[in-house]
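There are structures below to look over.
In what follows, subunit A forms one complex with subunit B and a second complex with subunit C.
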Partner chain A sequence: MTTRAHECLMRMYEEEHNLEEYQGSIPRWCTGCGDNAILTAVQRLCRDEKLRPEKTVFVSGIGCSSRFPHYMKTYGFHGIHGRALPIAEGIRLARPDLHVFVNTGDGDCCSIGAAHWVHAIRYNMNLTVMVHDNHIYGLTKMQASPTTPKGLRSKTTPRGAWLDALNPLTVTLGIQNVSFVAQAVDWIPELVYDIISRAFHHKGCSFVRIIQRCPEFLPNLFDPWLHDPNRTLLLTHEKGLHVSPALGKLYKNQQEYDPTDLNRAREIASVEDPIPVGILYHNPEVPCYEDVRAITQLRTPEFIQRGLETELDKFTVWPQAAD
Partner chain B sequence: MNDTTALEHATEPGTASRAGGAKPAITLAEHVIEIVSDSGEGAQRCGQSLGAIAARMGNGVWTVEIIPAEIQPPARSIEGASGNRIRIGSRRVTNGGNEADLVVAFNEQVLLGRVRERELKPGCIILLESMWRDHPDAKIAAAYRETCDRLVKEGYDVREIPMERECKALVADPRRGKNMFVLGMLCNLYSLDLQLARDQVAFTFGNKEEKVIKANVALLEAGFRWAESRLDFKYRVPAARVEEPRIVVNGNTAIALGILASGMEVCAMYPITPATSASHYLSEVFEKVGGVVHQAEDEIAACAFAIGASYAGKCAVTITSGPGYSLKQEALGLAVMCEIPLVVVNVQRGGPSTGLPTKAEQGDLLAACFGSHGDAPKVVMAVSSIEDCFYSIITARKIAETFNVVVVVLSDANLATSQQPFPRPTFSEAWLAPPVDQSPAPEGAKPYDWDPLTGLARRFVPGQPHGMHTLTGLAHDRLSHVAYDPEINEESLRHRSLKLAALQKTLKTPPVFGGEEGDLLVIGWGSTQGAIEEAVERLRAEGRRVSSLHLRFLQPMPGGIKEILERFKQAMTIEANWCDNPEDALIDENNRRYSALAMLLRARYLADVDCWSEVRGQPIKPDAIYRVISNKLVQGRR
Partner chain C sequence: MGPELQAHVAFHLTGKRMGASLQAADGLHLRPGLLARFGDLTRLRYDFPLVLVAGRADETGIQSLTALVNGILQAIAPRGIEGEATRRHVLRLEREIRTLAANGDTGPLSRLWDLAAERIGAPGDPALAGSLGRARAALKVDGEVVDCTYGLPTRLITHAWRALQQQKAERFDREITRLIVKLSDILQADFVRSGAGTSAARLKASVGTGMEDAFDFQALSSTLAQVSGKDPLPDSRRQRVERALTVLKAHRSRGQAGGGRADDLESGAFASCRDAQSAFRTRLPEIVDVVKAIAIAELEIEGLYVEATHDPFFADFDESSVGAKDLGLFPDYLVCIGSEHLHGPEHAILMEILASEMPIKIVVQVSDVLEEPALRAGHRGFIAPAAQLGRMAMGLGNVYVLQASSSHLYQARRGILAGLTFAGPALFSVFSGSPHGARTLPPYLLAAAAMQSRAFPAFTYDPAAGPEWAARVALDGNPQPEADWPVHEFGYEDEARQNVTEPVAFTFVDFIACDPRYARHFAVVPQAEWNGSMVPVGSSLTGAPAVAGKVPYLQMVNGDHALQRALVDEKLLSAAQRCREMWHSLQELGGIHSSQAERLLARERKGWEEQKQREIEALKREAKPAAPAAASAAAAAKSAAVEAAEPEQPSDDPYIETPRCTTCNECTNLNNRMFAYDANKQAIIADINAGTYRELVEAAETCQVSIIHPGKPRNPNEPGIADLLKRAEPFL
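Moving on, here comes the complex of A and B:
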């Protein structure tokens, strides 16, 4: 018995996975789509973290972003528009043993699913949430999304978007129980990986907004930022991102920033140019809803019967004793 | 009854108790009692207690809450009537019955509300709080006197009772205690055992201090004595001896108990009337069996959360009412498409839109069967009694997990707040859900390996090695790969549909109530069962050849119904959802909109099934059904 348990432990310890084990169908995203960068980073992360494919679930809504689970070889749930978060929450509550990731987009999360976004942050369940934000509806062919910049012409805003864009970071940082907020950009893949990895290691709802290019509908939107590295602000800290020397040479606009300061995080998030990249906020102390609600008791039939009989007792009218 | 010792001290001189015996009691087969007050005066507690005491005596009992639409309606308003209707019978009582035989009212305005809604029997006894007669506000006093005179003129037997004054002798604030005084009066009037009543009061105030219990028992006894000495009548509804333990709960509590017993672990909900009280109770107790009630941010999230939990291996339930059910449609379609087991409880209320939130209707049957876009086959069951609320949830969970389907359980506002005793359930391990399957799937296993005969496929749950796949709401093949291929799309639709046929083959033909053949078959579903059968029984006793059939499964429908229909000359449904009246000038066979079940039966059996419906927000009364059936039988003869 001892030997076998020992062997089991050894095997778990030695468990290795290669990238192919996480690669599902061949992605059907457009060439140059930022979603590919996110997929690559996530597959690497799964391999490096040795996540068991059968213990890993990717949940998504609808949109280009939400095709993501099909391209993984883990369990996946490609649900309906806007509802990835509540589905993921149900999975999380039922199964604390699983790794649950959510892939959603700017329309899926910040428009049709906005109510769930607010409350998911407040529940703070242990989920890694990636918002693939390309500032446009891609799958339905170029309608304005909540993060579409003001003035941008789309099929639904032919004379330019009427309103200022919604800032997903400031909104998230304004919600009670927020515990992890980060931002990445698809044109720095190294940091996409690092940031998602930090998000994965955070216990709680980690919200990662990934600004990504849509080569089909907004091919030049981010050119000014790509052409001028100083318009990207890297947030570095011993508790946050570590920038490699090679990357540091290119992106010189860096700021040493402690991500435990919520007010400071809100200030940084509210500046959209330069684009802040890194961990904006991290608080590992916020309780997770699934822990607050956790039932540790083993649900044996005897246990359930005891609970039920106690309740039935309260409502039972017993036969009267003989006079 | 042997309570003379308690009666030795009458409240007033000159009204000494009659030692050793009481007024002769008139024996009744049954009586309907209503207690109405302003909100917060405790009429509901009084009524529920009366029902519980009668149940303890061995009487058949049905209690229904009378609920105003607002939390704090203005005092003394016609719309503000809050209280309880209690039907007590010698035999088992299956519904709220007809108009009330005796009414207790704490003011004349709430009473007028009941008169206006035609809930009182002509000439019935009214026990009315008399404090308003000499109220310092002249307007109030005038309104009271005017109403009193009017009611007397209309033939009601009005008894004015100084409840407030009598209670003041015992408590400082009679507003909070009058209900127990009334309970005492009623116990006396219906010859209920005073000791049982004392026990019930002690139980009701069980979590309060001894002082509170004592004060309420004193009020109860005072009411009992007052009725004994000051009222000139007394009834007795003979009761059978209680031989077995019984449960006294309302439909929503029975649903919650059913959830406990079904082994489900997760209930995701959003507050909505009249469903929420099931979740209230469940929130209190679910953790005792290791379950969690999650109050989601909205109805859609509640449904999606339940789907997530079910997908991950723990069959979940979401509880809602009409508007919430509408909101869940898209998510329900997802569960159907992905073949995730799910139980949805819809406690129906009056619709459409916000409709009648606190009132009963059976308006959601077609939405339950056909809601959600595309072909989304779901199982639809309807509960028809309080006991049924308990067992149907257990059945629903089993069907959901066996066939990987969505099971909709329809209840309604009538059952939600009605109480009816039923035999205490005996726990069975078979009720419970099996543990989450984490065994490795066979190599190369397909997530939708549909059986060509039944459409069933083994479902793989996260955690099972080799079972990995991505569920999708998109059209998909056996590997759960997105597939736009026309053949594959038809194949998947076919298999999802076949599952209902597979379930249908396991269903038993429901029994006919009454003769197996005859002139008229009345068909119903849901909470109308008791009232329909009561009317049918009366008509059969008069020699009429009428029977009834009550459907628990509405989708799929069990076999054998066609054969039953063929044995009757006429058939009609009786339902609490809209149907056009053929007497209306514009209505004819080309445009008449039929009631929901009638429509389903006509479509399936090509039978000329007529319908009659009532959508007054009130449970349909046996008398109304009796009249409808009588007319239909006469028409049939023409």
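Moving on, here comes the complex of A and C:
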């Protein structure tokens, strides 16, 4: 319920924040780390969308990427391994007025947090989920993650990874109620920003996989893609991504693609080379769990007391009954 | 010109019957031929009667008996012959309910249902009783049954208003309660952090007696005192929150004291504009207080109240600070008034309300659309000023207007709900006929005739629909809205007992012909005098050359269903033309036959055609030399394209492709005076003199995305320059 006075005063209050005002502590990521590009894009988004820092929360699990909340001057929750999503869901339910972002990594999301990932997609709560996928466990010094390419040598796979890498996009697109799936690469910051912005504006669980470089442990893994723009496929559409003329000059490998086609999205998501970048799937009609289960009853002290008493009375031994 | 034709022309021009052949229409019980088929409305399945379902604030609160029965039959009667008996039984019942309603029997549908079932003999007919029993079980709603009577507009709109007010009051009460809870939370949070809140006695009381021995409350209190916040709520904020709480609680108490709600709602219904305006003004100070408290509460709950900014605003908070949106939170007022009472001050207050932002909805029940023109009274048209109230209100701009006949109210229910929920005043101008007038037609037919004839066309004007009139004005519900008059097939038997069907327009003259007060404007022509110099009114009104000089007549039927031709005098024809002009102006507002648009379109079309013609002629002239010219143009274009495609020449100055920077910190770590970040946190060369060419080259080499271009050295004497130039080559 808003009054005209409230609206006027809100406009009077409307604050402009510059990018520095969203910067928390100085990042301790390695120099050259792709996480920096994501951090910058998110800080730009917060500034451009005029998000109030006290109304914004970043939730993470464990890993390099999960240090993200420390570097944002907003609310943050550096959670436990693999549990960023359920924590974020809890925040969403308890505080629907907040903008909730999740920063998780390929290990945090796709390994120990895989169960939560699947159900978060199915619940489709209004979250902006960024999976920082550097294909390796960096924080613990180079162990194979679920997305590590087959054959890559690591501390846990000294003879090379035995299995084909898990594709977070195809998995997500196979889950019921999926509503937004996108992919970005950290070395095209313009698109990282655009895609996260699209994800933020989607009402539902926006799943954005951001392929990023780990200069410390996999310094050359993405060099072929960095040095050959044709190995990046930009998905453009009036309902999807718009590529600026300057970027289009460099990245000529573009495809007009309608992100409402789930089957086509699954096909494109399966392609690893060239790397598809853009909105792969978008369906704004999927209901959000918090809306489906919205509680209209105001939780007044009387209401809570009545509920508690009803529950506790079930266990009360009444003197008459005891007789 | 023979004497008969002379008499016809004379009547048409003067309204006087000359000669003995023309017969006065008085007392002949004539009605327009197009209405001949509608003798007994109870035999007709149409929108009425309606069922007003209580407690529903949407379209389902107003249902048509016919639609309800259709729904029931779809649910219980199988398709084909198997369901035929059930359909027949239920339709008999529907007709009986319609008859009861037409005879003035009122009450809930359930009561009329039982009564009708009894009257058609259900108790003695097991098959009928079985069908009706199944139908009754499938009937999911109940409510007052109302027919299209003179009192329908007030009854129907009041019903919808009451349901909406109930819904609004409940929603507002919930919101006020939410604000109270949230404001109380602020005070409660402050208390639990305070010394009193963390005292041992308070902690003990909060645990209860069962486990109190398990705690050292003193120690707990000391611990909490150390970790609790040190800053209590400032006094000014506490007082502000408490004041807002007091106002909101008092408002909620008053609302809840209304208890039964229905009685409370009735206090918002009035029979005069003056009373409603007075009631609103009496209540205004309370509204201002509550709106102010809500605004403060919202800011406090959001944590956005800034005393330096907001205190001055709220210090001057008064009536002028309250807008239509704020007023929309509170119960509306409803005025139901007959057009015959809208004179003098009452009319002035009505216009004052409509020109304001007062949340007052006004139903004007127009009992008479027609008025005998009187030069002394200053008007020559047949349309009464009361019937033009809707158009006048539309000119005020910010008022919701719905004009309709009572026969159209069921179709217009969405518009009624939109008007009742509009944030501001609304006018519902509804023609229902007068219970005191001559009863030649049932109210439904009379109302429908008014709309068909354009005498009282239906329209809505919704300022909330958009800034353009095209979005605001809608002519929904009018028959054949693009035509001057609706045209219907009229069938009859001629002298040879052959069926004849011809298209006949239902005009303003037809509507006047329904009213015996204006019978003197008609003169019945004996069948022997029917001739080719007579022309139907609809044709006459077209003004086509073929009808010039012909005498207009109206096809009518008498009580024996015999076809008659009634001549029409010139006054009526002029009135019909005036009515058509008013309809045209309404059409233009509604986007039909917009003269401005058509004029512009014609101008553009003409310009376009001329332009094309010039182009064609130019092409023809240049047809021969065009080939070499086109070739050279194509060559030039190709050359330009090649030039455009060529890569840009490398610059001698160093530069960074800033939009592609990934903020990896490599360059800024190397030299944070030479390299810096812009407002988007992407790298730029901040000061080229703050570093060496070597640093530029090293930055280019370490840049992960190769976007640093070192250019040419500014100092050719820099040590190792030859090697640096070689290293810089890939990045130039």
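The rule is simple: the second predicted complex is superposed on the first by the 288 of 323 C-alpha atoms of A that agree within 3 Å, B and C clash if a C-alpha of one lies under 4 Å from a C-alpha of the other, contacts with A are read in each partner's own complex, and residues count from 1 in each chain.
Throughout what follows, contacts are C-beta pairs under 8 Å (C-beta built on N, C-alpha and C of every residue); 3 or more make two chains touch, one makes a residue touch a chain.
Quick caveat, the model's predicted, so the values are computed rather than measured.
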item: Partner chain in contact with A:Pro301 - subunit B first, subunit C second, else both or neither; value: both
item: Partner chain in contact with A:Gly32 - subunit B first, subunit C second, else both or neither; value: second
item: If touched residues of subunit A are counted for subunit B and for subunit C, the larger one; value: B
item: Touched partner set for A:Thr40, first subunit B, second subunit C, both or neither; value: second
item: First, second, both or neither for A:Glu54, with subunit B first and subunit C second; value: both
item: Contacts of A:Trp187 with subunit B and subunit C, given as first, second, both or neither; value: second
item: Contacts of A:Tyr75 with subunit B and subunit C, given as first, second, both or neither; value: first
item: Set of subunit A residues, in rising order, touched by both subunit B and subunit C; value: 54, 298-299, 301
item: Subunit B contact footprint on subunit A (complex, rising order); value: 24-25, 52-55, 57-59, 69-70, 72-80, 83, 85-95, 97-98, 115-116, 118-119, 293, 295, 297-299, 301, 303-305, 307-312, 315-320
item: Sites on subunit B touched by subunit A in the complex; value: 52, 55-56, 58, 241-249, 253, 257, 260-261, 263, 265-266, 268, 285, 287-292, 294, 296-298, 300-302, 304-314, 316, 330-331, 333-334, 338, 421, 424-425, 427, 429, 432, 436, 462-474, 481-482
item: Residue ranges of subunit C in contact with subunit A within the complex; value: 172, 174-175, 177-179, 181, 291-292, 294-295, 298-299, 303-304, 306, 309-310, 313, 317, 321-323, 325-326, 329, 659-666, 669, 679-682, 702, 704-706
item: Residue numbers on subunit A that touch subunit C, as the complex places them; value: 1-6, 8-10, 12-13, 18-19, 31-34, 36-37, 39-40, 43-44, 54, 186-190, 213, 215, 226-227, 244, 246-247, 298-301
